[in-house]
Amino acid sequence: MSVAAAAPVQEAGETLLNVENVSLSFGGVRAIRDVSFEIRRGEIRAIIGPNGAGKTSMLNVINGFYHPQQGRITYKGATRRRMRPHQAAAQGIARTFQNVALFKGMTTLDNILTGRTLRMHKSFFWQLWRYGPALTEEIEHRKYCEEIIDFLEIERIRREPVGRLPYGLQKRVELGRALAMQPDLLLLDEPMAGMNLEEKEDMSRFILDVNAEFGTTIALIEHDIGVVMDLSDRIVVLDYGNKIADGKPEEVRSDRKVIDAYLGVVH
Amino acid sequence: MKLKTTLLALAAATALTALAVPAAQAEDSVFVPLFTYRTGPFAGSGIFIADGMHDYLTMLNERDGGIGGVKIAVEECETGYDTKKGLECYEAVKPKNPVMVNPWSTGITLPLIPRAAVDKIPILSMAYGLSASAQGDTFPWIFNPPDTYWDGFSQIIKFIAAQEGGLDKLKGKKIGYIYLDAGYGREPLPFLDQLSKELGFEAKLYPVPAAEMQNQSAQWLNVRRDRPNYMIMYGWGAMQPTAIKEAVKTNYPMDKFISIWWPSEDDARGAGDGAKGFKMLNWHGSTPDFPVIKDIQKYVVDAGKSQSSKEKIGTTLYNRGVYNSMLIAEAIRTAQQVTGKKVVTGEDVRRGLEDLNIDAARLKALGMEGFTGPIKLSCSDHNGHHPTFVQQWDGTKYVKVSDWIEPLSDKVQPLLQADAKAYAEKNAPWPARTEACDARS
Amino acid sequence: MFYREAGQYKTTYQADMSIFPILQDRIGLALIMVAALVLPLFAGEFMIASVMVPFLILALASIGLNILTGYTGLVSLGTGAFMGVGAYACYKLSTTFPAINILVWIVVSGFVSCAVGVLFGLPSLRIKGFYLAVATLAAQFFLQWCFVRLPWLYNYNPSGAIEVPSRTLFGIHVTGASATPTTRYYIALAIVIAVTWIVSNLVHGRVGRSFMAVRDMDIAAQLIGIRLLRTKLLAFAVSSFITGVAGAMMVFLWLGAAEADAFNINQSFVILFMVIIGGLGSLIGSFLGAALIYIMPIIVRAAPESFGLTIGAATVEHLTYLITGALIIFFLIVEPLGLARLWQIGKQKLRVWPFPY
Amino acid sequence: MSFLYSIFVDPFVQMIGAPDLLVQTLWEGLVGGVLYALIALGFVLIFKASGVFNFAQGIMMVFAALTLVGLHEKGVPAFLALALTILVMGALAFAVERVILRPLVNQPDIILFMATFGLTYVLIGLGELVFGGNPKNMITSELLLPSGSLDFNILGGLVSLQKIDIAAAIIASLMVAVLAVFFQRTRIGRALRAVADDHQAALSVGISLDQIWVIVWFTAGLVALATGIMWGARSNVSFALEIIALKALPVLILGGLTSVPGAIVGGLIIGIGEKLGEFYWGPLVGGGIESWLAYFIALAVLLFRPQGLFGEKIIERI
C-alpha cells in the first residue's frame, strides 16, 4: 500500500519517516498494535493519547531503543527492521525524555557539548594532547554550543552542574543537548510536563523557532491538548496502542473517538 | 571548616612524618631493631617469635647490662608480614644505624638483599629468605643460618628414609608435598623433582593458594585419593592448623606427616587428640627447662617486662625467637672481640657473623646446653647447614624423636651455588665481594 | 580577597577553556610544582623513600582507577592485579632486553596491562554495578594465581619473586639498590606529572565527556550516538594502562623486589579507598585521597614515638586500623563527594572571603 | 587429543571409578557451600532492607567468632560468652545504624559500600585490640558441638562425615527456616519486606526504618556468629578468614543480590562447583584453582543472566 493511502490528509513536503503496521509487545502486554503513520520534512507532528497509550514506546521504536515485533520503519527512504540507538543518532534523530535524562554530574555547557560528540572527529591521540587540533575542534564546537545557549537563553547557568538546576531549566538544557546534534528529526517526549504556564510558553516558542529557524522536523508527545493544538501541523492519536485518529488539529479535535478516549483523562 | 580539617590533617602528615625519624642512638648502645608481625594473617606465628626475640635481648640488658658492657637498644617495628610496611620499617630504622636487621619475612628480605651491601647493614634471615644467600662469596651481607629450606627438605627425606631403612628403600614410595603456593612453598619443587628422580620415589604435589589457607578440603581429598606413604608440609600461619585438622579428618596416619620447622604447639593442639604423632623439624628445645629460659623468666617475665603470656614461654616458636636473638647477641659479641670496639657498627657485626663460632662450651655458658647444637659460620658459608632433629606432638607438647640429622649437603650445595650464580647474573651488574675475610674463620 | 577571579575577563574561548582558567589556580599549581622539586633538599630520606615515592605511585594508581570508577562509573576491585600485570611485564621486558632504557619499559608495560584490562573489561557491557565489581574479582584472583603459577613470568627465580636489576639513565642509577631515593623520587614525579597532564587533557575533552555521559545516564548517552561498549572498553584501556605503569613503578622505583602477594586484593581495596575518599571523578581528589589513606597510618604509627609515648608496636598497628576505618567513615559523613569537594568548597569560601557568602 | 580426553572424559571416569570419593567431594562442597550461603545470607538481608552492599559481613563473622572465643579465653563460661557475644552483635547493629546508616541515609550506594569498608577496618582494629591478633581455637566442645566423624563403609570405599559439619548443615538449615518464618509470619518480618520493596511507601505507612535497620543488622550479626563458629571449628579463628568470606561475593551475585533462596542455591552451586573443579580438573593445571574458580563460575552465569539466577530482571526504561 502506498504512503499516500496510509495518510488520511495530503500535505506538501516529502516523507521523512514512515511507520508501517508497527506492533510492539513486552511479554504479554501489547504496547503498540499495528500502528502506521508518517512524518514529513519540516512539519511538527504531535503524538497524543491518554497515559499508557504507547506514545513513549513509539518514540523508543523510532530511535531504535525498542525493536518492533512486526512492521517496518522507513527513514530517509531506507527501510530497516532493527536499528541500534547510536545508529539512529548518527542518522540525525535526536531525542529528549519524559523524565529528564541529562548527565547530572556535568555542567550545562558540557551536556550540550556532549551533544556534539558525533560531529567531533579528532582522534583519541589528538585528544591526549588537547592543545593543537583537538582544542581547535573543541573551540569551533564551543562556538556552536554558545549559539544554542544564547538561543535558549541559558547563559547564566552555563557552568552549573545540571543536577542542581530547577526542572524547567533542565528540560531546556536537554533540548539544547538535542539541538546540538543538529538533528533532522527531533523527538520531544512531553517537553512541557510539570512546567508552569510561563515556562510552557517559552518552551513552545523555542519549539516553533527551532522548527522555523533550523527547519528541523519535530515529533512531540504532549498531554496539554491546548499547546498541542497550537503547535502542531498534524496529530496522531493513540489509545491502548491503537491509532484512533490522525490528521490536522481541527479534524482531530472534532473526532468522536478522540473525545471518548479523552473523557475523564486529566491533563 | 571541613576544608580546614583536611588541610590540617595533610599539614600534620608532612610535619609528623618528618618528625618520625629521631636522631641516631646514643653512643653507649647498639641499636637492634626487631621487625615483628604481631598482627595480620601470620600473627599466630609472629607473636611468639617476637616475644622470644624481645625477651632474650631484654634479659641480656637486665642481667649483664647488655653485651660487653654495652646496652642493647631494642625497638620493635610492626610489619604485619606485609612487604610494603616492612620496607617502611627499614627506612624508619636506617637512620638510627642498626647493627643488623632481622626482616622476619621472605617477602621483606628479598628487596633488602641488594640494599644491605649499599647501606652497610647485615641481614640475618634465620632459616628463611633466599636460600642462595648462604653463599657468602656472592652475598657478603646476608646470613641465613642454621639451615636453608633445601637443607630442611633433605633432612625430612633422610628421616623418612631412616624410617624405611635407607635412601634406596624410597624407591616406589609415594611422597606427598603440601605447600603454601607462594615463593617459599615452591622453592623446594625443583629439588623434590631431582630427588624423586634420583631416589625413584613418586612425588605428589598439593599446592594451597594463600587465599585458601583455611579451606583445604579439596587438597586433602586428593591426598585421600593418592594415599601417599608420607606427607611433607611447608605451611605458614593459618595454613598449618587447617592442614593438621584436615589430615586428622581424612584419617591420614599422623606419624607419617612431617612438617618443616614453622608449626607451633597451638597448630597441633587445635586438631585435638587426632593430631598425636604429627612431626616437625626443629633445631632447638621446645620446653622452658633450660637455664636461659629460666633467666628470662627471672629477669624479664617476673619483672613484668615481657608481653608474652606465661604459658607460651618456652614453646617452640618462642624459643625460636630466643635462638634468633642469641645469634644477634653472639654476633655483636664476636664483633666486639674482633674489632676491639665496644660500640660496634653494621660493618663490624657483619664480620662478627662471619666469625660466629658457638661451640658446646659457649652454649653451656649461655645456659643453652642441650637447647641446640653448636653453630659455626664462615666467609663463604653464611648458613652452616647444621643438623636438625624431628620432634613429635604427643597431645600436649613436642617431643624429640630423632637424632640430629645432617642435610644432604652433596645434593644441596650444587643447587645453592647454581642459584647464587644465577642470581648474580640476573641482577647484573651484581657487585663482586670486596669485603675482606678475617683470619679467624 | 586574594582569591578572586573578578577582573579576569576571558576574551577567547581558548582562554576560557584552559584547564586552570583562574590565575590564582595557576599560581598555586606553580607553587606546588616548585615545592615538589625542592622537597628533597629539606626532607629526610625516610620522607622521600617511604612517604613521597609511595604516595606519588599510589596517587597515579588511583588516577588510573578514577578513570574507570570515577569518570565512567565502573567499579573495579581488580586494580591490584592490573598493577601486577604492569610490574611483571616490565620485569620480563627489562630483563629480556636490558639494553633498552628501563623508563621506556615502564611505559611500555602499561600497554600490556592495557590489553589485559580490555580483555577483562569485555563483560562490562552486560554486567553492571556491584555485579561488575564482583566480576572484576575474577580478574584479581586469576591474575594473582598466574603470577604464582607461571614461573616464566619471574624468570624461574627459585624465590618466586621479581627482583629489580639496577639500571641507569645517563649514568645515574634509577632502579636497584644503588639508586638514591631522591633519584627515584624525581623519576616518579616526572612520570606522575606527565601522566596527570595527559589524563587531564583527556577528561576535559570529547573522550572525558563521553566517559561521564556513560556514567551519568548510559541510555541517553547511547541515544546521542555514544557507543557503550567502545567507550567502556576505552575507559578500561586507559585505566589499566595507568594502573599498569603505576604497578611497574611500584616494584622498580619503590619496593625493589616483589612476590605475587604484593598485588593482592588488599592493594585493590586500598586504591579504591583513595579514589572514593579523594573524590570520584576528580584528579586532584586522587592525590588528596592517596595522601590521606597512605600517609595517615604512617602518622598514627609515628605519632606515639614523636610524642615520646611508648605503645607496643602491635597496639599501634591495631589502632592504625581502627583510626583509618573511623576516618574513612568520618570523611564519608562529612563530605560524601570526597576531599575534592571539600577543596571546591574551600576555594569558594576563599573566593568570597572575608564575607561569609 | 589426550588433552581433551583428560578434560572431558577422565574426570567422569574417576567419578564412576571411585564413587565414595565423589560422594565425599560432594559432601565437602555441600558443607563449604552452606557456609558461603550463610555469609551471603547476611549480605542479602542487609541489602534487601537497607540497600547497603555490606562488605563488612565477612569481618562481622570473624569479629563475632573472635569475641566469643576471646571472652571464653578471658575466663567467661562458654554459654555466657555466647550470650554476651549476641549482645555485642546487637550493640554493633545499633551503633552501625546510629553512626553510619543514619548520617549517610540517601547517599549513593557506592558511598554506603565504602562506609562498610571503613567498618571492616574498625572491626579488625577493635577485635585485635581487645582480644589480640593471635589465632584462637574455636571452643567447639565447650559449646557442646559434636566432634569426630561418622564413617560409612559404602560404595566400595569410605565416606566420612564430620559431625561438626553435619551440625553446621543442620544449624544452617534451621536458621534459614527460622528466618523464613520470621519474614513470613511476624509483623516485623512483613515490615521488613515492605521496606525491601519500597522505602518511601514503608515510611508512609508508619514503619520506622531505624528500627528495621537495627533488627536487620542484628539478624545479620547472628548469622555471622553462627558462620564464624562453624568456620572457626574447621580451621581456627583469625582475621585470615576474611579472605574466605570474600567467597560470599560470587555466591551473592550468582544468586542475585536480593534473593534469600538465591543466596542458598548460589552457595551450594559455588561450594560444590569449586570442590568438584579443584578435585577433578584442578590437577590438570597443577591444582590450587579454587582461589578463582568460584568467581569464574559466577562470571559465566552473569554473562547469561546479568541479574543473577534469582535477582529481579533489570528492565531498562526511559
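Labels A, B, C and D are assigned to the chains in the order they are written; within every chain, residues are numbered from 1.
Rule of thumb we're sticking to: a residue touches a chain if its C-beta (ideal position, glycine included) is under 8 Å from a C-beta of that chain, and two chains touch if they have at least 3 such contacts.
As the structure is a computational prediction, the values presented were derived from the model and not from experiment.
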item	value
Partner chains that chain A and chain D have in common	C
Remotest chain, chain D as reference, centres from CA atoms	A
Whole-Å gap separating chain A and chain B, where each centre is the average of the chain's CA atoms	73
Rounded Å distance, chain B centre to chain C centre (Cα mean)	35
Chain C and chain D, separation of their C-alpha mean positions in angstrom	32
Shared interface positions of chain A, touching two or more other chains	65, 97, 101
Per-residue multi-chain contacts in chain C, two or more chains	141, 144-145, 149, 219-220, 265, 314, 317-318
Per-residue multi-chain contacts in chain D, two or more chains	128, 133, 243, 246, 286, 288, 291, 318
Chain D - residues contacting chain B, complex	18, 21, 24-25, 28, 32, 128, 132-135, 137, 147, 149, 158, 160, 162, 231, 234-236, 238-241, 243-244, 246, 274-275, 278-279, 282-283, 286-288, 290-291
Residue ranges of chain C in contact with chain A within the complex	13-14, 17, 198, 201-202, 204-207, 209-210, 212-213, 215-217, 219-227, 234, 281
Chain C partner contacts - residues on chain A that touch it in the complex	63, 65, 84-86, 88-90, 94-95, 97, 101-106, 110, 113-115, 117-118, 120, 122, 124, 127-131, 134-135, 138-139, 142-143, 146, 177-178, 181
Touching residues (chain side chain B, partner chain D) in the complex	38-41, 43-44, 47, 181, 205-215, 217-219, 221-222, 224-225, 237-238, 241-242, 245, 249-251, 266, 269-270, 272
Chain C-touching residues of chain D, taken from the complex the two chains share	53, 99-100, 103-104, 107-111, 113-115, 117-126, 128-129, 133, 243, 246, 249-250, 252-253, 257, 285-286, 288-289, 291-292, 295-296, 298-299, 302-303, 306-308, 314, 316, 318
